[in-house]
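Look at the two complexes coming up: chain A is in both, with chain B in one and chain C in the other.
Showing the complex of A and B:
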């Protein structure tokens, strides 16, 4: 797609949003039976799934820390997640995203509760539409809570940017590609920033204003994250699971077999 | 769930009373926050019981382990935790030679064991050196989320007592969420169903009443479908070790109702 002439017209963006409006969000908690915690997260056109395993034994052994857990985060884009087929496997970009996302979550996890163990977070991007790292962090933080891992708080993330000299919240694909700046931010609900990257240029004042916009966006996302978690347990009344977790095997060890 | 209990997410503010902060919480700037996603109770102590999570061993826990390896002087035991359990040869009830270790306990064997000690590096030492502990040779073992164990036992053991009564089974609940059942097949089937129901619904108010109703309904159910019965019989046959014979079983049945488990757990119904 070529550059649209205008990204904002009469204060309305290409997808019909106002500058400070988030894209629609859909969250489902506990979508994977195998994982200890999981979450499916839709953020506009982004569709990501996060799985958390652990705390569990560390393999390879040399990675383990004797006084705390290691957190490992793998961000991966499916080859079909973008228009042009993405060559599968880790690349420079996904290694970077994995690193910064891990560092966005580490400060809230009580790692010292689980020495010599690993907490593994996997984020798979099924469909990408600008802002996958923020979607991944949002999903991962819910999956961590779902896995019962102790945390100081959830982490919420969204981006701000500048298009047509206007600050906008939560950029979409076109705004990301043709805009003047993109700044993904992750923070705790009390405003502690755990991730901040910037691509492009912002003035000092724009930066400050953008940060405030992101703060409001993150708070809105945080509310949705909480609601989604609580929903998992309010809609589960007496609903026998048709495919119980694989590990819940009932094993018979001798005893009275036939009556 | 009483009025003082509610579902909370990590980071949720709970109280200003720092002195009452207990498990599942953390204190910052003179305030108590939840550290896990779970059910908070604010009475007496402020604590949050997580809805999921791994078993973290603590000294004194009675658990069920499965031997995964026999090393020179230790049995290595899976205890459903990020950490493996070590059962040293000297913690076996009688003196045995290193070379004979696998004659007594070998890979795949289940044991009811006690966590003797856990050091800061999470080295978990187990023992069998206690009247109440033994190898598990019969019955079934099922797994539930370790954080649901207290609900399964109930206040002063009321829930587990009801389960035992209604199903005529002996049930031992390990702190690591492994549960050992012995009894007749039909009773065990019902107990397993009941246990999974408790696991699924423990966060919803009125659990005890629902369980009473559950047992009432189960009892009045039409005699089970023959098809299912056949399947189960087959399944059981495959898993049944050859050496377990009928006579042994009968003896076991007879001494059971007042038997080992009750005696070890000290709750004579």
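Showing the complex of A and C:
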């Protein structure tokens, strides 16, 4: 596809969204049998699946830390996830994405509870449609909770960008390709920013406005993440009434830090 | 008794080797205590950059080059340019390839082997600054559309790690590009011309330590910092790239503060060292 003449017409984007609207999100918790925690996350055309293993023994041993767990994060794109077949295996981009994604989640994990152990997070991008790293972080955050890893809160992520000189939330593929800026952000529900990257062209004021937009987007995603977790675990408790499902046992997940 | 034993051990081995972990804790205490008093180990203000020198054309064989000294940090950037085949999706545009290696010569903690995530991240952020600011007019690097374009290789060699390699590498890259020439004569493609530059992106990095923000971290400050934010800004004062690196979260206020001082500092550096 060549560059469309206009990416926004009369305040409406090519896919029919308003500038501050997220793409549809679909979340399924606990989709894998072998993993300790898992999550399938659809974010517009993105389809990603996250698995968490651990806390478990660290291999290779020299990576282990005596006072806390090591968190490892592997972001990987399937070769069929993009238009032009991607060569399988890690490349420079995926190594960088893995690093910043790991750093986006580490601050909420109580790593010091599990010395000499590893918490492994694997994110597989089955289909890519702009915003795979944010989809991956959203999925991984849920998968960590599903694995019962003690966390201070969930982490939610989305991107803000600029197309046709307008700030927009959650870029789609065309907006990413032909837009003027892209800024993926991850944060905790109390507004601490754990991932921030940006490329393109933003003025100082646009940046500040964009950051606020991303905050609203992340909070909306946070609500959906919470709902998905509660849905899974409330059905397990088999409670017919409307009592909060996390009054026992799984409070680390549902007791979600800041409200 | 304990002192006596300690002395004996000390005497025998010359210097007691302290493990890296203990050293890191001691350093952390030292720098943290200074920070509470509003001081830094080298006497700088929190928003003060270290002394910076940039020399260009230091490697004659390279099409462009620069040596950057930022405090104790020392990097050399060489730009090599040669004709090559364009990417299929951009047949009429030149190609930029940025590489950075943390070679074992530069620090006792760097190891040989393929670049790891730190080096890859550094290289990709340097690349992003050059690319996203559109500082090189890539369409003017086209020789024959779909067949031959100029490929610009930016190679960053870190020689001494004194902290904040990110800024030193970015400055070196843009300084080297600004003096680089397309070697047309060598390839029978006409006269040599300067690389078509349109903007001068400058990266400025700050770290967060215990809630305080410090500009241009030294090696010790960087090693104990919770997180690092690099802000790349252009001639028009707008941002062309940003990267948060490290596990500690930042508040919106901290980020906005870093963005503001980074843009100011970039302007100063640009005016002093990188006038077109």
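Quick note on the criterion: the second predicted complex is superposed on the first by the 234 of 259 C-alpha atoms of A that agree within 3 Å, B and C clash if a C-alpha of one lies under 4 Å from a C-alpha of the other, contacts with A are read in each partner's own complex, and residues count from 1 in each chain.
Basically, contacts are C-beta pairs under 8 Å (C-beta built on N, C-alpha and C of every residue); 3 or more make two chains touch, one makes a residue touch a chain.
Quantities reported herein were computed from a predicted structural model and do not represent experimental measurements.
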item: Partner chain in contact with A:36 - chain B first, chain C second, else both or neither; value: first
item: Greater residue coverage of chain A in the superposed arrangement, chain B or chain C; value: B
item: Touching partner for A:188 - first (chain B), second (chain C), both, neither; value: both
item: First, second, both or neither for A:114, with chain B first and chain C second; value: first
item: Contacts of A:150 with chain B and chain C, given as first, second, both or neither; value: first
item: Partner chain(s) touched by A:80 [first = chain B, second = chain C, both, neither]; value: neither
item: Which superposed partner A:57 touches (first chain B, second chain C, both, neither); value: first
item: Contacts of A:198 with chain B and chain C, given as first, second, both or neither; value: second
item: Set of chain A residues, in rising order, touched by both chain B and chain C; value: 188
item: Chain A to chain B touching residues, read off their complex; value: 36-37, 54-57, 66, 108, 110, 113-118, 145-154, 188-190, 225-226, 229-230, 233-234, 236-241, 244, 247-259
item: Chain A partner contacts - residues on chain B that touch it in the complex; value: 7, 9-12, 24, 26, 28, 33, 35-38, 50-54, 56, 82-84, 110, 120-122, 136-144, 147, 182, 184-186, 192, 196-197, 200-201, 203-204, 233, 235-237, 239-241, 243-244, 249, 253
item: Residues of chain C defined as touching chain A within the complex; value: 117, 120-121, 123-124, 128, 131-133, 227, 229, 234, 237-252, 255-256, 259-260, 263
item: Residues of chain A touching chain C in the complex; value: 92-93, 95-96, 98-100, 103, 106-107, 183, 187-188, 191-204, 206-208, 211-212, 215
